[in-house]
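In the two complexes that follow, subunit A is the common piece, with subunit B as its partner first and subunit C second.
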Partner chain A sequence: MYRILDKAFSIIIKLLTLFSLLLLAFVIIFIFKESFVFFKEVSIFKFISGRIWNPLSSPDKLSILNIILGTLYVAFVAIVIALPIGVGSALLLSGYIKGRRRTIIRGIIDILGGIPSVVYGFIGLLVLVKFFEVKFDFPTGESVLAGGILLSLMVLPYIISTCDETMEKVYNSHLSSSQALGVSNNYFIRKLVLVESKKGIIAAVVLALGRAMGETMAVMMVIGNAPMAPKLLGKAQTIPSLIALEMGMAEVGSLHYHGLFAAGFVLMIMILIINIIIYYVKRSISL
Partner chain B sequence: MREKIKAILFKLWITLSAIIVLSSVVFIFAYITKNGIGSINLEFIFGKPKGIPLGSEGGIFPAIAGSLLLTLIACIFAMILAISTAIYVVFYCESKKIESMVHVIVQCMAGVPSIVLGLFGYTLLVANLKLGRSLLSGGITLGIMIFPFIQVRVEKTLREINFSLVNSSYALGVSKSYTLFKLVLPMCRADIVSAITLAGGFAMGAAAPIILTAAVIFAPTPKSLSSPVMALPFHLYILTGEGISLEKSYATALVLILLLFIINILSLALTFRRKELK
Partner chain C sequence: MKTRKSIIIVLSLLLVFALALTGCTQNNQAVDGEKNNNDSSFKAQITFNGSSTLAPVISAIATDFIEGNTTWNNVDASFPEENIAIYVSAGGSGAGVKAVLDNTSDFGMLAREIKDEELEKIGDAKVFMLGIDALTISVNPENPILQIKDDLTTEEVKKIFAGEYKYWDEVESSLPHKEIVVVIRDLSGGAHEVFQKSVMKEAQIREDAIQSPSMGALVTKIIENKDAIGYASFGMVNQNAGKLIPLKVDGVEATEENIVNGSYKISRPLIAVKRGELTPEQKAFMDLVTSEKGADTIEKMGFVPVR
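And now, the complex of A and B:
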């Protein structure tokens, strides 16, 4: 009796595992299936190299180079802002703060990661965008810069925790030799921990890049959503915000509908590549 | 001398960065609490949205209920799959290759942007399986989103248990499934529940996956799995995006953040209790 139960349980576990792994395949297949219809009409190359997105006119007018550039630009701005702050905080955490205080500060940083994206967007709209409009007299505060600043806050927890993980390992493994040589803690952290954690920092950047490119709500609320060539202080559009805004309006089965899936497909492929890179970078750290 | 200046600059840099991070958290909480606390009362929490346009008066009870139900379904769905996958990798999988393949796939799933999951839910669940915009479609989509998160944490917990106990159990001739249910899972219960609660908080705050699969601007408190729902993040987005009522937006944001806060504290409390038991 027990033997049968045991067997049944192991089969159930295997089936459920198989199902969960197939989910990713399902996601890719379904998105591809829907965008394939579009790619039959417009070539992929034309789709990602053209600059005009106008779903109301003929099919040739659907192309997303500007939107891809917008997505990359916002993510890039976010990382440029977040990286020094994140690496600095991680160094402070791994080298100077120990014990209970460390747990508390890590907890506060994790809270930053737990705040929903909509709330970031809401604050961005009311504080950041207003601030740009009132203090700097910009024609519009909705800009790539506003999106980048918000996103930098959102990716900070990822950067800090990934860097902190590596830095702590490096710190602990070299601490006794550094103390034996009589090197000051400050010098040790600067010259050794920071330099040795290079790979961890790269992993953090790549991870943050993937998160930033896929982020929808916060960016959508502050970036202005105009599919033009992105400028730092001008409006732009990102692929996730394009999908979220227009999917509800597109008629199921129309070219516009399939075009949005095609945009999602392009985004997914970019991010999948990034994730495979992270996997290998991370593995090379632990070896 | 030069070395000294460098050391000071370095200290300045890392202190400043930590100050920036911590003050952002404080600012966000203080800002929302200050502006939102005034509009929160029993009527706001337990009432329905009213007024023209809808939402400018009244309360947000259907959105609170909708969010909680969506989170519940997502957690159940993700939990079953994630725990099974973790058990498989730790206890059943014998080849290193399969194990690393599972890890790559889970890593990739963690990276799929939430809006793409929304698209997937929309085409498969809403359009092809004809579930419509509903509690069920949204819950499953959110479940896929939090699956990798739970799986990674549960797997880590399972690997940390004392394997000599498991081996003694096998040596006594106890079957694998009995060992899992009576020994391994009870040992990790607190950690698993903590991982699920944390993931639930993550699901509750997400708006992108449910824009296309579940959320509507107005719906009564959902009665069945196939009814469309209101959800707090989406409601906040509509209130702000359409400029319906700033006052209600602040209050909605505050309610959402407070709910998440409670969830996070629960999860932390569970982890702490376990650490003390050790």
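And now, the complex of A and C:
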């Protein structure tokens, strides 16, 4: 009897896993199918190496190098800002604060991750962008930097919770040995916990990078959406904001419509490539 | 052992797919059954999809219609007693046409001319001209240009939006040397298409213009930024009177009169489009939209109704 139940359970689990795999496959196939129409007209190489995006003129003017660079740049700025803060907070949470206070702080940080992105976008538009305009006398506050700062807030909870999980494990497993050796807590955390959590930190970066590159609403509201070569203090456009901005208006079945799918396809491939690279980097780091 | 395992997996997979598929057909049958029960083709709900400019207008009229009647038999005694449901969703003019083509919505809403090829694709299309929206060239009330003049020529507007004038002092030498912040809607959208056709013609818009995700965001940008200029819709300007100032173009002010008689040229029609004949209940609603009361609502929302 129990053997049958066991068997049934394992089959159900396998089916559910298969289902999620199929789901991913269907998404990829669908997007590829829609963008294939576009790639028949414009070569992939031309699409990702050209710098002009102008949906109103000929198909040759649909290319997204600037937009790819913008996507990477914003995500990169976000990680650069969020990583030190996130790793620091995780170290503090796992090493120095214990008990109730820790639970409360973790809870607050998790709430930060649950705020809808349009709310972040609104704050970004009315506070951050305005701040740049008034305090620094920019002609416009919409910039890669504004997007990066906003995104760094949004990815912070992901970095903190992923790092914290690893660091807590490392901390607990080595605590008694380090206390037996009489090493000070600060030294222990700096030299052992931080170094041993490399994998966790890298995993956190991947997670955050994926989210930062795919984030749409908040970024769209503060980045200016100008498809030009991105500069830190200048406007830029990201692939998700491009798709969100133009999908509603694109005529169905037109080259522009399929071009947007093609942009989505490129974004997906980019995130896949990053994940694969990080997988190998992670494997090569011995823990 | 191994073969048995794989057989089990294959069989269970088949089972899952079979279940999934039967699920679908059953659903469809249920929906069809519901339709058949209700007096051949009566549909208690009407759906609209399309332009984000027109959506709030239709929503407002629909709210009045629903609150005034509640059930269909109050609209017309020959209709069954069912609750009225009118769903309006905004996704852009292109999405409106797509919804009609895919039959996902009864009506499509457009804030631009409907293209001939779109009409051709829809086939038996019914087009309702509801009103006109104009694009005003608006600036922030604190912009010093307002103290010098309240008028720009088409040529000047074109040069500003094309990036030939980068600073305000290039437009008029007494203005401060500050960068002009150009705000536009997305390049492929209905509003921009109208602007491109009536002002820019062949000229390209400057590359670093800010593309706003909605007309609301565009207006907010002008309200927030002293150096900004953009094409705010006439309706939006009326809703935010005093917070942004529309400039005359070639000496013509964007007033209702000038928009209707065509002397203010940066304007676009507001259209509802439907495939095929209207059902009696759809006709009942569209009669209200095109009535004097509907025109009042359109006017109240800041647009110019077609009377």
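We take it that the second predicted complex is superposed on the first by the 251 of 287 C-alpha atoms of A that agree within 3 Å, B and C clash if a C-alpha of one lies under 4 Å from a C-alpha of the other, contacts with A are read in each partner's own complex, and residues count from 1 in each chain.
Throughout what follows, a contact is a pair of C-beta atoms (placed from the backbone, for glycine too) under 8 Å apart; a residue touches a chain by one contact, two chains touch by 3 or more.
These figures come from a predicted structure and were not determined experimentally.
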Touching partner for A:252 - first (subunit B), second (subunit C), both, neither: both
Subunit C versus subunit B, contacts on subunit A by residue: B
Contacts of A:188 with subunit B and subunit C, given as first, second, both or neither: neither
Which of subunit B and subunit C A:261 touches, first, second, both or neither: first
First (subunit B), second (subunit C), both or neither touched by A:132: neither
Partner chain in contact with A:38 - subunit B first, subunit C second, else both or neither: neither
Which of subunit B and subunit C A:272 touches, first, second, both or neither: first
Touching partner for A:111 - first (subunit B), second (subunit C), both, neither: first
Contacts of A:156 with subunit B and subunit C, given as first, second, both or neither: first
Touched partner set for A:30, first subunit B, second subunit C, both or neither: first
Contact residues common to both interfaces of subunit A (with subunit B and with subunit C): 14, 19, 125-126, 221, 244, 247-248, 252
Contact set on subunit A toward subunit B in their complex: 2-3, 5-6, 9-10, 12-14, 16-17, 19-21, 23-24, 26-27, 30-31, 34, 84-89, 91-93, 96, 105, 107-112, 114-119, 121-123, 125-127, 153, 156, 160, 184, 186-187, 189-190, 210, 213-217, 221, 240, 243-244, 247-248, 252, 260-261, 264, 267-268, 271-272, 274-276, 278-279
Subunit C-touching residues of subunit A, taken from the complex the two chains share: 11, 14-15, 18-19, 54-56, 125-126, 129-130, 133, 139-140, 142, 220-221, 224-228, 234-235, 237, 244-252, 256
Touching residues on subunit B, where the partner in the complex is subunit A: 3, 6-7, 10-11, 13-18, 20-22, 24-25, 28, 31-32, 80-82, 84-85, 87-89, 92, 102-105, 107-120, 122-124, 127, 144, 147, 151, 175-178, 180, 201-202, 204-208, 211-212, 233-234, 236-237, 240-241, 246, 249, 253, 256-257, 260, 264, 268
Residue numbers on subunit C that touch subunit A, as the complex places them: 8-9, 12-13, 16, 52, 91-95, 97-98, 101, 115, 118, 178-181, 186-190, 193, 196, 204, 207-213, 217, 220, 224-225, 227-228
